[in-house]
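Below, each structure is written out as structure tokens.
Presented sequentially are two complexes of chain A, the first with chain B as partner and the second with chain C.
Coming up: the complex of A and B.
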């Protein structure tokens, strides 16, 4: 691995943080109470993963997890455009959830083989929880595909989010991911340009602004 | 009570007996139970909204996790409590319909807006503290399934209080502006908190106590809250907006009589955020309505 470790960790952590923040937008208003509880758990897991990844990066960078999560200039955030999009309607939420979890599985599998014991260890821990997220996402894909309206909405959502999803990974990992997605679906997805990771959707600026509104109201270093 | 069977039932519950779902229940008891428990479920669900506004604004990763988990607990409580109502004969979908149409009620404190992170701390600490006093008394409820659910609810609420107190402590020991956020929140929430346990109706005149749905009078609950929390609030250097508030020589808390008409107005949908909250619930339910119709065709 030639990239500095912290770079890689921040990319992952930013994805998990921003997706976790987006998922938590469903807390209290999901379609069923059971689903509300499930989505809150997923949001908490993602944010927990982000925290663990930031903690590791923070050791290399001489800072702390909160500073990395909240206090960087927007230009330094490395999260994929897929996770930046604000709360989507339900079929799009499920499409994003499933696409992200599928991509994340490919990425985590690769990281578990990392020569860096700390990174490999953390990937193993994260993998244990992500398994449940994938089961949950898969269950919803199955349910939506089984109902005519669900299938129509899901197909539209997947088509719309496909270029975003491709941007989560690069190179061989992207190929593996695309093959897994296509294999699962009863309809095709087009060959499209991936939306690259360095693109910032306008929604990211709005989210970071809201995320830090309380934190910024006291001087740096204040306890909350 | 002319009916001998009802009289026997009353005697049983008044002596501390507990009944189960498949026991014979007098109609009036069942109706009162449904109304009371449904309002509790509604309150858990509506209680999500004031705090939900701050889920995106939590200032640290730890607070974010704690707040999301707390709100998740409230949704989980709603689910458990609605299940109790369902067993008594009222389906969940009906509870939700009656809630968003304004036909059924929810607790006064959830009719108010939240204005700062100070409110988030004060709600988790003091609103949940007031709630746990009522909920602990429900552990002795004559309807056993509800009492059992309260065990889990009380356990989780006690964590919310710790989370709230910790959030408040971080602010009162922080900058003067952070302290002020808490002081303003305490001032803002004091009236709703004094309303929380209801009018000081005598326990013997309270039909809920008569049927042993509740075992504690409203004023007893309020006294317990004041006794437990006024000293803690003052210890942090915070002031309460009631010049008459004091513990007298008999150990009873004296306070300025709250405006009970205002409480009635608030819980009947005329609180500062009542209509906005209901409108938001209606809107968010309409947005995902297709999901239940597509997934559960029988519900359509």
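Coming up: the complex of A and C.
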């Protein structure tokens, strides 16, 4: 790897933390109980992955995981715009979930082959849990594609999110991801410009403001 | 001076914070125990990474080692060495008796939806394999929810990871 590994770790950690937060927004209000449980569990897993990734990055950067998760200025967050979006609408939630998990699988596969044993080991551990996220997303894609209304709403949501999804990965990994998505769908997706990681959606500022409120109110360190 | 055996015995007495029928040693999260003078170094491999019980497990291990008169060093190892295959045979039986479906052995490839929807999972209450997947996710990250068509009882099935 030519980039410092902390750079890469922060991209991953920020994606998982922010998506975990977005998933947790369904806790208590998902369309039915099973999905309330599913999205709450997925959120818990993603935030667990973020913590481990921040811990590894923190060792390289001489700081700690909480400081990386909560104390950086907004301009330093590297999460992809796809996970920043607030979309409390079921078809868009499922579309983002499936797009993200498909992209994440491509990325994790590559990291598992990394020469860096710590990165490869952590990627392997994360992958064990992500398998179940993908199965859940795939189950929903099957379900939505099976009925005309579901298919229409999924297609609309995928068209809206497609440029965002392409921005999760770069280069060859992006191409692999796009090919996997297109192969699974009975309809096409356009060739569009990817929305890059350095873009910050307005919702990100709101999210960070809410997420860090306790941390900011107890700067010497809250314990719970 | 404390011995390696005494530490393993003490750790085997610590119940899992969320599923107390099984011990931390049954769960296979203790990777190694080493003694260096008065210091005891334990390598601890977490299960699910977002599991809130992990911090409690670490504190309990430190407490048990301190109680033996040694200084604990519990290192959290974030590599890929823990899988549900590390749960001991005794641990699996304890889970089943308590009404949980123990994790099935890991297959060569990744778990598939077809496998989860298959009848390969046995009801811990009546032993029937006529069970169906209700939800991939359950009360904690480590469990799914299944329903037994034979005894009409929902049960929690440990995920295989």
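One rule holds for everything that comes next: the second predicted complex is superposed on the first by the 218 of 224 C-alpha atoms of A that agree within 3 Å, B and C clash if a C-alpha of one lies under 4 Å from a C-alpha of the other, contacts with A are read in each partner's own complex, and residues count from 1 in each chain.
Note that a contact is a pair of C-beta atoms (placed from the backbone, for glycine too) under 8 Å apart; a residue touches a chain by one contact, two chains touch by 3 or more.
In this text, all values refer to a predicted model and were calculated from it rather than measured experimentally.
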| First, second, both or neither for A:28, with chain B first and chain C second | first
| request: Please work out whether A:52 is in contact with chain B alone, chain C alone, both, or neither, and reply first, second, both or neither. | output: second
| In the superposed arrangement, which partner chain does A:42 touch: chain B (first), chain C (second), both, or neither? | second
| Does chain A have more residues touched by chain B or by chain C? | B
| task | Using the touch definition from the top, say if A:19 reaches chain B (first), chain C (second), both or neither. | result | neither
| message | After the superposition on A, what does A:141 contact: first (chain B), second (chain C), both or neither? | response | neither
| Just chain B (first), just chain C (second), both, or neither: which does A:213 touch? | first
| Partner chain(s) touched by A:89 [first = chain B, second = chain C, both, neither] | first
| task | Tell me which partner A:124 touches in the superposition: chain B (first), chain C (second), both or neither. | result | second
| Touching both chain C and chain B, counted on chain A across the two superposed complexes | 34, 37, 40-41, 44, 47-48, 51
| field | Footprint of chain C on chain A - complex, ascending | value | 34, 37-38, 40-42, 44-49, 51-52, 55-56, 117-118, 120-126, 128-129, 131-132, 135-136, 138-139
| Of all residues in chain B, those that touch chain A in their complex | 45, 48-49, 52, 54-61, 63-65, 68-69, 71-72, 74-76, 78-79, 82, 92, 117, 167, 170-171, 173-175, 177-178, 284, 287-288, 290-295, 297
| In their complex, what parts of chain A are in touch with chain B? | 21, 24-25, 27-34, 36-37, 40-41, 43-44, 47-48, 50-51, 54, 65-66, 69-70, 89-90, 143-144, 147-150, 153, 207, 210-215, 217-219, 222-224
| task | State the interface residues of chain C toward chain A in the complex, per the touch definition above. | result | 48-51, 78-83, 110-113, 116, 134-141, 145, 159, 161
